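Order of writing sets the chain letters: A, B, C, D and E. Residues in each chain are counted from 1.
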């Protein structure tokens, strides 16, 4: 059981950073430059982990990133990797989709508590933007998920995957997929909704006081978190992965789609992004919900 | 006239009351009014254990006016007036309903009331009157006008009692009368559909009002309205799982509000400040208080490791089972944004930079404040780890009210076959992972350096002056009003409605009052005019 | 005035320093860590002087330093490298010192232009400092009255090499060990309060 | 041991005042204790008729049945309380001269069973009321008394008209024979008689269109006397009116009209109390309102409702006594009965007394008012009149608004004066409060007595 | 012709019309006059009109007044019905007593407030 969990964790960490390196490379190419090597994120994280000193603002600041990381790791562990369910299932038999959705909110809470404790006003501004944006993001995603749960008469990810044996949910419930995909972009922090950590505006937002090992932990948990979300989208809408290769293919396709969308758009302000999220994708999701 | 009967439903609510009152007994309180508190306690016991409608009503009224006198020590005149008029109005609608039931079934005792022969028009009238009582007591939207002021202006101890117990009497009455007395088959469902939507709208508007609030106790008052709004919504679904979800959420909400109100009371007791804009930066001065508040807001927002999640989970599964997609979407909207005001509560008081530099001058929090908080925290944590522990109790209630019990699969698992989760694994995994990362972090040779002083933060190379107020994070949530949909929600206010009603009555009384200042001669004129009118009517 | 250090720091000596490395005593892990920290550099996006205009083409697609793993970050906490680009007035020096102290170790400074080496064309100006290394530990100089982006990239590559095989003693170690010396210089110039203050008393400043 | 003593003894006591001028206080207490003794004596022999014939055609008939015993004992109790309460006041003995006449007038109204006797005691009670109104001997009191006398004279004119028309057409004066013969008269005369009786008594029982003078009178009289007015006087007229009405066996539409009038007067009285600035006037409006409810309940001719009404009469008298006497204490200290003065006094005891009084008037559970209201509502529910139930509840909500505004005003405003309540007053007032609480918790005994009284009231006078 | 005038019914109609006119005169006096004395005076006029009507309508031509005086002990057939006489006697007494009392009040009121006009009595009522 624990080996499974460990493998899942390592895969998430590896794929997460690999995809992040890929993202930097693709956006570099879009900018017309070569961009760093694929493994650049690994180098950054190891460098940060092995820094000599990092400023620590007290025990809450110390605990904040740890809660954030454990939130991300728990999200990953509760999502089964494969749809035939005997290997790499993680803790999903003990939890269900609603538990996973709420774990996705636990991470930002830990981060918010940690950032709040050092009292840097830029941190507070970043957190406020993050939470308000989260409000906008959650609505379409939750409604889409509710639609799926009602359609499949169960909240267990395994059964949802099993029901997609012949037609994927992306075809069965297209509207729900569109709404979920738009808010999925926001969850990954891609460009139209990346107002939270904007370096120029809010001095890199929540991460303003994260140095050394704290920044390292923040980066690695965001990698694991983005892989978890990728995985969730695959499980819910693309019928889960049959084999490892199928898993990599599906997550990669989804990731590339989100990257290309990300690179095209300018940045929404917080109010604009929540306004957009509460209008367009939520309405699509509600209409989809009616057709379930 | 007083006859009582021990029921499972009564036991649960009375148990909650005993726990709240015993734990609040320790909190230091300026207005030591033991008589009124014992009167309130007796009236609550009378409500929960009544076996006929008259005893229920007597308890209801005594609760109403004894809490009026408890609030009267600190609240200002308008709040008192709003409180008593709404509560007495609620009680009189209850009395009207009881009289209607008496007219229909000829008796007051619960066991003798059977609604088979009663015409449906009368049952609808009874239902509407009772719903009015419930709306006033739990503060559903148009009738919540009195809730926020009374909660925030009563003294800190009593606002905890108000929000933890007294707002639940409405829920108790709903379950008792609609489930046990009138029973489901005679109730018309369209009314309850409207009630469900009213409950959800209340919680949405209350949540966004709470986000906009700058005072701690008013924020908690709005959050109580929102949470009780959930309970009302779930109750009106009328299923066995939804009843269990409502009961579960009642238990959770009682202890969450007990914990939060007393926590805020401790801070107010120590710092004499009510508003977030004057608090802040108390994290390292009162660490235990901070941790307890974090436990409180995690369960208030319904986050996984703690108890709040189990009740939210039950509410979602109940709604999912009944295929109420749109309703669930609305509930999700308000519970997602509930997270914002939870964080605002923590940030406003504890995190960020202190607004007045002399926070060191604040005294130590007396230990007695921690008794109710620790009780609340312990219960919330246990309900987080073993959520199924109180399911047998609820099944007892469901049985006594005529529903078939919910699936009970041991202490750790909670939920129905639609969806269930294992509380132990969730909190165990969270704890284990937290410890693992902590060990990894400590083992790193990365030396952590303490910042020189409070103002040693990276601030574009500058040093913020000591008098610069860095705590402007307290105003979070104000940017929400720039968002179209939320601005529309926030603009709703029932103040104008009730103001028009009171001016209408005022002008009416102005007119009638002039009548009573007639001179003797005009009085004679009126008498003879009245005589001739009646004479004319008689002759015709 | 501490005799030894000033003598050490004349131009010729530093040019030959490349070949004579400090005895290599690190273990394998230390070597690997140095290799990684060389591969990924975070620069404080902080332009002090006229050289700041050279940095945008370096960081963006024209010369693209990101291929070497160098990224600009907003706050000193996250950064490893600080670029002091060009003349550094007394007021800027206060900010430079505060940012330098807020960075977490190992931290390096790249000084652009001749103004940081010997005062450059402001050699006799009353409000700029002449030698940057008297006030903070500097690692890499890039000469030129505003060196071109290629020179700046050359400076980065040289710095990465020296980190990788640890040829010269890093500035932050010197700063930490001879902190008294640096602090004396700073206080001589900026008065008791070296951190940025808002009530500037120009009278107290003596400009040697 | 005849019923005449009830009337003779108080009048005698007041006329013999010159002999015991400054001991009148103790004498009037003795007189009331004596009357109470008589009432206890007669309790065992209840339905009792007494026929006193002065000369062959002229005779006086007294009836003491359950309902009149109820009122007699109520009035004697109130007067006993009044005299005991002000036993310490040495200076105004004049009050007791007039209150003794007032007692005999009220008792006479209750006991007498022939129409002309009722008119005589009607006048006696009114005259003593006029004098009591003018007791303060200042400009306000005299103007109140003048207004009262004009309206009172108009009332007696109408009553006289009614009695004459009846005697003209029927020829006899005793109530029972009038009751029997009333329906033999032709319709027009019957309507005219009923109308004039209604107007005559309506003015005195303060019913809607005829009660616009009442608030001023309450404002003019000394507060203690206002307590007597609201506890005794208006109740006596109310009883006599319905006593005659039920003897004349009035038909249903008339009763329905009276119910409507009662409801209207309850509503208008409560509404006008909302904006009033003078506490005494607020209590007056509340009395008018409660009389409206009593009118509404008594005219429903349903035993349960009427018994509730009788219970409410008792409870209302006790609470109004309590409220007015404590208001009197407040007025003595604050020298004004305006709401600001009422808000300014500080006395925990008086505040609790006011609170108990208000709560029982509103019909809020632990106190007796609730039982009365509950029985009335139960009666109306069994009759199926849900409209009236709803109206009563709504209007008492208005009543709750202004009562609690007074309470919160006192609770939350700056205190200007401390009131020390003397021991005697404190004992008496808490006695009343305990009575209300006791009646609220164990009402069964009194409720049964009220049901028998209601039974006899609805039958009207039948034999003799 | 004079015979017809001597019948009881004619007597009753004359009495009725007469008392009704006096009643209206008194009524107009009460409702329109401003002076307090005049109001109370017209009130007693109204009362006296009622007495007149009551006594008049019980009187029969050819019967004697029911006065028990020297020699006559019992009310026998040829006397008018004594009961209304007795009632009106007491009512007159009461009327006089009430009038006296009201006039004393009016005098005292005038002495204290110097105003006799009913419309200027503004002591009572809601003090705004």
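Everything below uses one rule, namely that contacts are C-beta pairs under 8 Å (C-beta built on N, C-alpha and C of every residue); 3 or more make two chains touch, one makes a residue touch a chain.
Computed from a predicted model, the values in this text were never measured in an experiment.
The chains in contact with subunit A and with subunit C alike are B. Between the contact lists of subunit C and subunit D, the overlap consists of B.
When chain pairs are compared by their number of contacting C-beta pairs, A-B comes first. Chain centroids computed from C-alpha atoms place B closest to the centre of all protein C-alpha atoms shown.
Centre-to-centre separation of subunit C and subunit E, using mean CA positions: 122 Å. Remark: subunit A and subunit D have CA centroids separated by 79 Å (rounded to whole angstrom). If you average the Cα atoms of subunit A and of subunit B, the two centres end up 34 Å apart. With centres taken as mean Cα positions, subunit E sits 29 Å from subunit D. Counting partner chains per residue, subunit B shows two or more touched chains at residues 449, 458, 513, 516-517, 519-521, 524. Among the residues of subunit E, those in touch with two or more other chains are 30, 39, 121, 124-126. Multi-chain contact residues, meaning those touching two or more other chains, occur in subunit D at positions 146-147, 150, 154, 216, 276, 281. Chain pairs recorded as touching, per the definition above, are A-B, A-C, B-C, B-D, B-E, D-E. Against subunit E, in their complex, subunit B makes its touches with residues 513, 516-517, 519-521, 524-525, 528. Listing the residues of subunit B that touch subunit D in their complex gives 1, 54, 57-58, 61-62, 64-65, 68-69, 72-73, 75-77, 80-81, 84-85, 88-89, 91-93, 95-96, 99-100, 102-103, 106, 125, 505-506, 508-510, 512-513, 515-521, 523-524, 526-527, 530-531, 534-535, 538-539. Contacts from subunit B toward subunit C in the complex involve residues 449, 456, 458, 461-463, 465. Only residues 56-58, 116, 119-120, 123, 126-127, 130-131, 134, 137-140, 142-147, 149-150, 152-154, 156-157, 160-161, 163-164, 167-168, 173, 216, 219-220, 276-278, 281, 338 of subunit D touch subunit E when the two sit together in their complex. By the touch criterion given at the top, residues 49-60, 62, 66-67, 69-70, 73-74, 77, 91, 94-99, 102-103, 105-106, 109, 112-113, 116-122, 124-125, 127-128, 131-132, 134-135, 138-139, 142-143, 146-147, 149-150, 153-156, 203, 208-209, 212-213, 217, 270-271, 274-275, 278-279, 285-286, 289-290, 292 of subunit A touch subunit B in their complex.
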